[in-house]
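Got some structures for you, see below.
Look at the two complexes coming up: chain A is in both, with chain B in one and chain C in the other.
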Partner chain A sequence: MRPGTRLRLVLRDLGSGSAFASMAVSGQLPTWTLALYGVALVCALAGRRLFATRAKLTALLLLAVAGVLGMNVLAGSVNLVVAACAFAGLIAAHRLLSAPDPATDGQVQLSGLLMVAGGAALSGEIIYGLFLVAFGVLSSLSLALGVVEAAVPEGEPVPVRQVMRPLAVGVGFAVAGAVAFFILFPRLNWNMMGPRVSPGLGAATTGFSNTVRLGGAGTIKGNPRIVLRASLSPDPGNALLDAYWVGRTYDIFDGQEWTSVSGVRSASQRVVTLRPGGESLVHQRVELLPAYGGRTLVALETPSKLGNAVANTPMGSRRVALQELGGGEVRFQEPSLGYTYEAYSLPPGGSGHEFRDLPSDEQDALLTLPEGLDVRVGQTAARVLNGEREPLAAARKLADWLQQGHAYTLELSGDVADPLADFLFERKAGHCEHFATALTLMLRTQGIRARLATGFFGGERVDGSYIVRAGDAHAWTHVLVPGRGFVTVDATPPAHRASQSSQVLQQLLSFYEALEARWRSAIVDYSFRDQMDVARSLVRPPRKRGDPDAPPSRMPPLRAWGAALLAGLGAYAAWRLLSRFLERERPHEATRFVDAVEAQLASARIDRREDESLEELDARLTREHHPLSPALVPVTRRYLEARFGGRPLRQGEAEQLLGTLKRAIAAEARRTAAESREPRARAS
Partner chain B sequence: MKPRRKQGWARLRALLRPPRTLKVTRIGRTYLVVTFGVGLGALNTGNNLLYLLLGLLLSMVVVSGVLSERCLRDLSVRRVGADAAWAAEPFAFRWALRKKHGHGFALALSEADSPLTGVGGVGYLPAGVDHVVRADLMAPKRGPVLLTGVRITTTWPLGLFAKSRVFPLEGTLLVYPRRGYACQDPGEAERGPVGDAGNPRRNDGTGDVAGLRDLMEGEDARRIHWRKSAAMGKLLRVEREREERRTWVLAVEAGLEGDALERRCEEVAALAHRLIEEGHEVGLDTADGRLRPAAGTAQERRVLRALAWLGHEGPRSDADEEAA
Partner chain C sequence: MNQPARVLSPVPSPASARSAMERIATQLGRAVQGKETQTQLVVTCLVAGGHVLLEDVPGVGKTTLAEALARTCGLSFARVQFTADLMPADILGAQVFHAQSATFQFRPGPLFRQLVLADELNRAPPRTQSALLEAMAQGQVSLDGSTHALPAPFTVVATQNPVDLSGTYPLPDSQLDRFMVRMSLGHPAPEVEARLLATRGGSPPLEGVETVSGPEEVASLRSLASELKLDATVSEYVVRLATATRQHGDIERGASTRAVLALGAASRAQALWEARDFVTPGDVRAVLVPCWAHRVLLRSAVQGVTARDEAAHLLEEISRKVPAPR
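Up next, the complex of A and B:
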């Protein structure tokens, strides 16, 4: 292998890997295709072309894979587009392991092209953009090295260093050109698609299920992935939001897990009203990101109305219906990777529920205790309350007692027979579900109605909206207070309510999320309206700095001058090119005439010598008594008059003169042919 | 088609040729199809990432055009030529290439509008360096080949398009008859005073002394044996044995045309080569003229050149030929 070839192959393989990764980041490719391609790429980078000697035989493997994918598509387990993308990846893998020749190189590059196109269809992540650029750069370098290598004689090294510099400049211009094209090319399609989503990094984290089971490790608290983004109106403006985002509530505890008593409460509808609203409702525009992974709507406590939901799928956005379930849960009716919706919530202070308005089964459930509840729970609650009967005060008293005497921990091992007694009296440590369960049941033992609520706590302000992480998942207690309804009391120590992931990890993820948000707004959601805004911004007069209320300047902005200058330079360059074309020296009419004469003379085997003018040729032929000389003399004289004597050729005169010359040449040719047919003696 | 008409066509093609020609390569065709597909997908779905990809693909096409144009600019080329060109077999041909400014990459050189096949390549051409490019060309037939220009093609940078530029450069390459083995007997050697070898019946060679005889009038005085002449009192000349060199005059009969003429030329060329290799003298008799018998490689070249021109019309001087 000559120097440079190895580098070219590595660049080619890495380019193919980038193209495959642009699809893989969507998280939709089957795992086995990821594994197969990964193995093939590693082998190829290590220089092991396993299929080099069995290209046709191993191509049968592709047929088998195509069959498997086809069956998956027919069974409905794999989308057709996803299957096509996966198959393109496997073709690329096969080509990577084949013998590297020009045909294989071309197939690898083209399969890479198909894969980045497939990635565009599957993924809207910013990582796709990075892999797209990586593919463009790596494949261009590989192609260019291949082109040069093919031209370099065998045995000589490929001039790698010399190739890189001009090509890097070229690729830089190509990327800039792609951006310019993207910004300026009119969007001819009016299908305004919403955010296109994919699960992204790792598996989605749902915080909700039909039951809440005590015990086990609370790993979700350390997960920094962002599951929810919301903009609030009125905007509280705080950097950290001290609020509860409720998803659903539970009212039956069987000693191990929480459940809800009622099932489906309403048919599917576009807007769900949970309770009457007021004048001071907090409006939320919520986006559930693919990392959320659930179908339960989340809203600030206490939600009043939820609706206008849109499901964001890889193939576009569509409206989706909602359904109310027991426990105050509202669910999307269709599964999707992400959702956007609107919610209105009452300000904190109570849900406004009257006990008698609750369904009878819920009324009963609010005081239900599990069978076999440790008697120490009730005794302890009574001792702590010491006669306190007011629900909210009692709840706060118990919460204080729990926070003082019990530690917060996520390190819990396995299930125990009575997790509540274990938390309260043995281990005296647990996570939010333990604290919330203990408070709820201790209140119930004293005849105070309460239930468990789950959702998220907190919110971090990023770019004017609030983000909530998977680690913000939380559980707390709703205490039914007469006249106010359900009021939130949180027994979990305040320091442990929000996400507990590493600060560095959170910052890194926040940075990524910020980039992702920019990518989404600037690239994925870029629309014809944005194009118009870009065009308008070029000519919109600037406002005076420091005074937003001041009237805009009458002068166009600097960028408008810049755009005008660029347009002017472009017009000038076009004019220069055009004028150069129009003003180019055109041959004189007499010159065209003499060219035609020369062509006719050439056909009669009379060639002008180097630097011999037509006049000199005419003189020479006259001296030699050439048979064509009489016909050439008037032609030459007329040419000289037309070219230098100020007597241009009349209309049709050139054709007439040329016709005369042509006839003379033809006559001379006939005479010569007749002479050649006559027999002649040959000297021996 | 007559040779003159062919030359006319070649000149006409050279006249009508655009300054650059562009040909899409195989991978380039697929690239364009994929680009078209991505464009359709972008317009149909409104997927912005497909617009981004489409922009990148189209920008690559534009960049490819610009870089290849820069590659073909400021080039100058001249023919170095070939030592000898035989029909139907590869022969080495050379061009000298120079770039005034910038760098050139992946340049392929060939003769434009000529029956010569074969391409020479240079991977990297720095500025201001005379680079000699060698190619193994092949000519299908014997005779003069009109060279109108040198075509320089590059697929730089991505191999999607092959952009060509033709540098007008007129010349003629004389292609000798196809080399082969002469199965025929050359016939009887010439008798009588022909060629440098003289009459084989005379002992006037340069070998061993065969005898002495009186010097005849007009004979070369350098042949006189002075000591014997002094002893005998008359001028005696030495007769030396003649070497085994004989003379043949090969002939291409008049009236042959087409394949028959080609075959005869090839046979005569092979015979001439064999005889000259054996040290004999060879002459050539054709309808166009007679070549005086002589020995040596220069004579073989003369025979080959005469055979190459046979049946063709045009200048016959060495200066008109690009090579050989």
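Up next, the complex of A and C:
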């Protein structure tokens, strides 16, 4: 194999790998397809084309794989789009392992295109963009090398080094040109079916289960992934939100875990009203990201109304119905990677006259204690409260006591028989669930109704909206205050309520998120309107800071001058190129004809000097009585007449002459072949 | 073939021109055997209206060729042997006092022929050589204030011995530039020489040469050749070739404008060999070396035959490098 060929195949395979990676980053492909493709790619890069022989037999493997994928689709475990993408990847893998001939090369590139298209359907995120560019560059280089290789005669080395440099420059220009084209020219939005979701960095990390179990390590607190993004109205404007996002609540504790009276509370509907709202509701527009991973809606405490839910799937966005369950939980009816919805919450300070509406069995549930509760819990509570009976004051007192006497830790190893007693009296350290459970149960021992609430705490302001991270997951206590309803009391030390991930990791992720957001707004959702905005922002006069009353400047801003200069330079360069192109001598019609003639002569393998013109060749062949000469003479004569004699070729004459020549060449080739077949013995 | 010079139509076709030229060349080939290329070139030069410079060692048929040309074309012929003491008047002619009319009358010299063989041109002193200049350039002779036209078609075939240079006056460049082509015959091939020995014996070489043309036909061929179409791209090509000789590192002085014109004319005549009424780049390349090899001045100090060879080599290199229009 020639060195250029090896390089070309490696580039081709890497391009295919990039295309596959553009699908794989969506995280939706079945793991076994990733493994199969990975193995195939490694084998191909190592030069082991396992399927080079018995191509048809190995194609049966693909058929089997298609069957497996089809069954998965039928069983509903795999999305049809995902299955199609996975199959495209496996076709590419099969082609990678086949013998590298021109047809295979074409198929590899074609399957690469398919995979890139699949990647666009599965995810539109920034990593996809990188792989798309990588695929474009690698495949272009490979294709171009293929063209060069075909042009170099057999047995001669391919001038890889000389070719690669201009190729790289050319590809660089092509990428730059594509970006310029992308920005400058009107185009359709990629995202024609509403905002898309991309699971990005892997599977979901949070979620709401039907139970909360004490014990176990609180690894989630260290996870900086963003699970929801919300814009609030009225906008508090704080950099950090000091607020609780409630998902669901729990009533019953059995000593190990919390559960609630579950069951469907209402039929599926578009809007769920949990409690009547007042005048000043806080409106939230929430986007749940794939890292969220649950079907439970969260809203700022205390939610009043939830609705207008839309599920964002790879196939597009569609409305979904909601359903109210026990524990104040509202769920989406359909699973999806991400959702958007709207919520209205009561302003902080209470949930109105909820107590009256609460059924009696639920009221009783708020006082139940687990069997075998350590007696010290009640004793300690009584001692700490010291006669305080007002629920809110009592709860605050207990919370203070807990915060002072107990440390916050995420490192809890091993299961213990009574996690609550362990937290309160032995270890005296725990995380939010321990603090919230302890407070809730201590209140109950004193006859004060309380329950456990879970959700998120906090929110960072990013670009005018608030983000909540997986590490912000939190648990706290709802105290039922007669006349006010449930009031939130948090026993967890304030410093440990929000995300506990490392600052560096958080910053890195924020940076990635910002990039991702830029990618979405500038690439995926970038539209004609955005192009207009870019153009308008260039010429909009600058606004004077600090003096809003100052009259706007009449002069265009500096950036407008800069853009005009750049545009002028671009136009000048384009004009220069264009004029050079127009001034370039057009090939004479007869010259094109002679090119065709010479191509045919080359196919006839006639020996020819390097600088020999057709005229000279024709004269020489005539002198040598070459068998092709009679056919070539009229062709040459007509060419010379048309080119230098001012008698242009008639319509269709070129084709006719070429046809005659072609037939003569074919006849000559047949004659030579017959001669070489003729047994020599006959002549002797 | 024993017809007299036939009267051709005033504007012959390229096809009839080719047959006429082939007729002439065939007769020349009888006198100088085995030299088709050279005989064709001589005919080309005749049709192009140029003068021929034959450079060769003695005894290879230079004189024979010139005489055969005159006889074939039915041209009046004179042979002038140039010697060191040859004076201009010896070739141009002189004013002679006519006793009866008591006036001076012009008595034309040997130059007043249609074909003049200037044998061993470089043996004559420069003064005599330059007497030829005007005749060759303008086809006329100015003497004592009066101008005498030379008979048309006027052609000079000059010879010189490039090896024996002692006692010679090398031709000045201005003189060289006036010859359209320079060529050498060279020794004939051994088999041709053997055939000569066997067949001709003592008979004069011109015996079998017949007159197959005439001055009128030569004149009409010339007028036809001068009207052939020279496409703009081809003339550009000629100019590019000239420019290349002027810019070449090994060439002191490249082709002159006269050289460019001569190449154009020779190419036109060359095109008639293919019965074409237009000139192709191939025609230009065919006559490039004989037309220009004696006109370029090399930087190297070589002289004579070697200089010609080197010039021919450089010109071939240039014709390879300058892309021909296609």
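Assume the second predicted complex is superposed on the first by the 478 of 684 C-alpha atoms of A that agree within 3 Å, B and C clash if a C-alpha of one lies under 4 Å from a C-alpha of the other, contacts with A are read in each partner's own complex, and residues count from 1 in each chain.
Just so we're on the same page, a contact is a pair of C-beta atoms (placed from the backbone, for glycine too) under 8 Å apart; a residue touches a chain by one contact, two chains touch by 3 or more.
As the structure is a prediction and not an experimental result, all values here were calculated from the model.
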item: Contacts of A:615 with chain B and chain C, given as first, second, both or neither; value: second
item: Which superposed partner A:128 touches (first chain B, second chain C, both, neither); value: first
item: Touched partner set for A:237, first chain B, second chain C, both or neither; value: neither
item: Which of chain B and chain C A:147 touches, first, second, both or neither; value: first
item: Touched partner set for A:263, first chain B, second chain C, both or neither; value: neither
item: Partner chain(s) touched by A:175 [first = chain B, second = chain C, both, neither]; value: first
item: Winner by number of chain A residues touched, once chain B and chain C are compared; value: B
item: Partner chain in contact with A:643 - chain B first, chain C second, else both or neither; value: second
item: First (chain B), second (chain C), both or neither touched by A:76; value: neither
item: Contact residues of chain A, present in both the chain B and the chain C interface; value: none
item: Touching residues (chain side chain A, partner chain C) in the complex; value: 591, 594, 611, 613-616, 619, 640-641, 643-646
item: For the chain C and chain A complex, residues of the former touching the latter; value: 229, 231, 233-234, 276-282, 285, 320, 324-326
item: Contact set on chain A toward chain B in their complex; value: 106, 109-110, 113-114, 116-117, 119-121, 123-124, 128-129, 132, 136, 140, 143-144, 146-153, 156, 158-159, 162-163, 166-167, 170-171, 173-182, 185, 187-193, 196, 316, 523-526, 603, 605
item: Chain B to chain A touching residues, read off their complex; value: 4, 8, 26-27, 30-31, 34, 37-38, 41-60, 62-64, 66-67, 70, 103, 105-108, 121-124, 126, 155-159, 313
